[in-house]
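Next up, some structures in structure tokens.
In what follows, subunit A forms one complex with subunit B and a second complex with subunit C.
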Partner chain A sequence: METLHLELPSLQDDTLFPQTLLHGVVSSGNLEVLVEPGPDAARCVFEVQTAAHGFSEVWQAVLRDFATRHPVGGLTFSIHDAGATPAVVSLRLDQAYQSLRSS
Partner chain B sequence: MNAPQPHRVWNQEAQRRQARLQRSVPFARGKAVAPADMVSLLEALLEPGDRVCLEGNNQKQADFLSESLAACSPQRVHDLHLVQSVLALPSHMELFEKGIARRLDFSFAGPQAHRLARLVQSRSIEIGAIHTYLELFGRYFIDLTPQVCLIAAQAADAEGNLYLGPNTEDTPVIVEATAFKSGIVIAQVNERVEHLPRVDIPAGWVDFFVVAPSPNHIEPLFTRDPRHITEIQVLMAMMAIKGIYAEYGVERLNHGIGFDTAAIELLLPTYGASLGLKGRVARHWALNPHPTLIPAIEAGFVERVHSFGSEVGMEAYVAARPDVFFTGADGSLRSNRAFCQTAGLYACDMFIGSTLQMDLAGNSSTATLGRITGFGGAPNMGSDARGRRHASPAWLKAGRERSGSGTQVRGQKLVVQTVETWREPHHPTFVERLDAWQLMEDMGMDLPPIMIYGDDVSHVVTEEGIANLLLCRSPEERAQAIRGVAGYTPVGRARDQVLVENLRDRGVIRRPADLGIDVRDATRDLLAARSIKDLVRASGGLYQPPKQFRNW
Partner chain C sequence: MMTNPPQSFREASARLRVQGLLDAGSFTEWLGPARRITSPHLAALDAPVSFDDGVVVGQGLLEAQPVVVIAQEGLFNGGAVGEVHGAKICGALLRAIEMRARAVLLCVDSGGVRLHEANAGLIAISEIMRALFAVQAAGIPVIALVGGTCGAFGGMGIVTRLCDALLISEEGRLGLSGPEVIETVKGVEEFDSRDRALVWRITGGKIRRTLGEATMLLDDDIPAFRAAAAKTMGDRPRQRGLSPDALQTLEAAQRRLEARATLDPGIRDGQQVWQQMGLGEEVALMDPAEFNRCLEARER
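This part shows the complex of A and B:
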């Protein structure tokens, strides 16, 4: 297991959250995302526990695109990947974001 | 004037055949051979250096005959040249390890890929070439005609007529080439019966048969458990159906054997139907009886299927759907690899399948370091037939896109590669340089083992979008189009953002949103069957999955 901590600038959407939400399940080719309020409204915090070593550069690229794509400032995303590929990570994050919006 | 040479003998092959048969007499009663006598029979009739086709298909295996050949004395039987489509059994490899065989011409070695690479490196084997099936079959009639073939059939009668059962596969083409060039045809059968359901190989073409101690091995190679289909595969299937099947009106096609295409099969009756595509796409198929095709057949999407081989467990279902499948008067499936490969080449408008690696020219390969997998039918199905002349709307549209503003004199087959950008962390599908090049150097090959050439590929589908390579006007554009759907792989991240956006504006690259697809809709709920049990149910109980797939 490798742990990544990343804080990225992102816009804030006041209508989002704040209830805690668990999204996704850890299993083969899948992963788990937990969304909570974060410390800074202008930034998004990512805590990633990853099974893939030496993959942090790719992780950072995936998360940077996500933080640019959606206004997720003021949120913390805790992610347990289970050896998931970037495609699955992006899809799950987008789903977590969409669930936040609709809840 | 050249007078005929008086001393030239014109039937040496027939004389050699007679000599072989003469030497075999002590080990057979007519054409029937007892299992215990098979090794002696082979030792008696084979000669060093013989070209032998040991029927290995990708499903049916002449396993008893293979074991018998491997049990021959290397002092008596050696330096054989094997010409067979698939190396699948451990006993196939033993032949080379023992020196019984030395040279090999083949198509596919999936299950033995590692062991084959080791044999090449230790110089225990000489590989002539790795072929696509149809290419190897062609050579059976030109320069690789077997002197002896060892084949697998379902049943024989007393005279030696053979019934091949649903898994015909390569047998007719092997026997045709051998029997009509003074070769020896030896069959292993599962049973001897008084009356065959139908005669697939007439007794006059068969020299010997043996009732094997156990039925020949058949691999359920085309069964994909829907439980393992991921949401990403569902997303890619949606893109393929909407962006390619519907867009080109693809009525005649062939699918690969992976989960990506199984997802498409299971989405046709749900997502495909919701797009109004029933009767407009995917009507005529060159395909084995994939269990995952059952829901689309039942929904009336699929009208006709011709098959290379069969699939374990599909026998009763196929027999109950003769309007869809090719069946004999006895009711059972009639498959034929040579004819189905021909159909895939000339009569289909699209091939869609997956691969392990793709480079920036669109060349794809399933060869990875230390493994010689071979090609099977993919290079044939996944290529544009330059000899094709008949038109169809899909073929014409693809041809128009390729020729651009130039005069159109031909169409173009759609050759679609559907791949996730990463196979798993650390294994990107998109690479600057295929492992195939390294393998070529390590193995001393003439060419890198490329499965599908980039200039035959029309579309690349990934979770990030569809790249239409027909619309690319230069190698640079093609490379950027591929980078533009290569996701977070090093190849994808090295894209020129401006050029890629430009390609997107021109419709060369289309994202899910450009196709009107919401990625949130990509859930497993769209699959017409989510388990093997669902497939059994969809078949009305006719599909009988093999034991390893009975997981409920």
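This part shows the complex of A and C:
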């Protein structure tokens, strides 16, 4: 397994209630993401454990894109990945964000 | 009137099944994902772990009655039982006795023991069985719900058969050795695991209900599972020790087994069972409600 730790600037949404939420399942080509309150309102923290080695640059691009598209400052996203493609990673993160908004 | 679209039990994750089975907002999870109690064995093998080790356990309300709910996630390592996963199920069962739960809902979705941690998994299965008997001895019914992608096989297949009632969808499957295992050991002539129709005629919900192993056949719909679980719970009053009709229940089970033993030993397929019962090909097309009615009429 390869681990990645990334902290990115992101806007904070005051209406978003920081809470623990799990989305997705660890299975081949898929991932789970655990959303929790983070340490800094202006930053978003990502902790990634992935079975696919050597894709650090792709991860950084996908996560940076997510942190830019949504106001997710003050949140931590912990990911257990079993080889999800970048599109699936984006999709699961978006779904987790939607669940966060609707709950 | 607006009718809600069906909510597939099979397609839902373990977490969504739990949400849909219980009264809205009543679920409290034990050892939730944020606790990060993951498998040390998978980590040692450098394999992906899951925050909840593939099983959701906790308490909630079913029609305002306190119940314990356990739901395996079939997509994580085939819902297989490892050390942590098994300990969570076992602990949740024992907690049901402590909190005097009205029932336990056990959503089995598992291929059996997790091969990465086989010894720990096997021990976990025996501990789950012992805990399940303790729950039943305390007068709390354990209701198995089977309708996930993995079905109920291996050790969890046995655990499923120990439950007081088994609610299964047509898509659900139950067995000891799964089709792939049988094919690997005995060859494709014995069991072609890629023949999906054959797999379901041997292990699927309809044949399991026919043979009396499942209590009720259900639509692949979470509200249908919820309603059936509530009804099953209501039909079984909480009662410590042996019920007054325990002997009759045992004798009826014995008669069913004797009747089953008279089936032609050459039978290799569910279709042949239905033929011998005098049921034709229409069985395959019956919806669950019609199918239950047909069998109940014959069993009376």
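Structural remarks
As a working rule, the second predicted complex is superposed on the first by the 103 of 103 C-alpha atoms of A that agree within 3 Å, B and C clash if a C-alpha of one lies under 4 Å from a C-alpha of the other, contacts with A are read in each partner's own complex, and residues count from 1 in each chain.
Heads up, the rule we're going with is that contacts are C-beta pairs under 8 Å (C-beta built on N, C-alpha and C of every residue); 3 or more make two chains touch, one makes a residue touch a chain.
Predicted, not measured: the structure shown is a model, and the values here were computed from it.
Of the two partner chains placed by the overlay, only subunit C lies in contact with A:49; subunit B stays clear of it. In the superposition on chain A, A:82 makes contact with subunit C only, while subunit B stays out of contact range. In the superposed pair of complexes, A:32 makes contact with subunit C only, with no contact to subunit B. Shared-chain residue A:1: touches subunit C; no touch with subunit B. Once both structures are placed on chain A, subunit A residues 51 are touched by subunit B and, in the other complex, by subunit C. Within the complex, the subunit C residues that touch subunit A are 13, 15, 32-34, 46-52, 73, 75-76. Contact residues of subunit A toward subunit B in the complex are 29, 51-52, 54-55, 58, 61-62, 83-88, 90-91, 94-95, 98. Every residue of subunit A that touches subunit C in the complex is listed here, in rising order: 1, 20, 22, 25-27, 30, 32, 34, 36, 49, 51, 78, 80-82.
Remark: subunit B residues 230-232, 235, 420-426, 462-464, 487-488, 493, 519-520, 522 touch subunit A in the complex.
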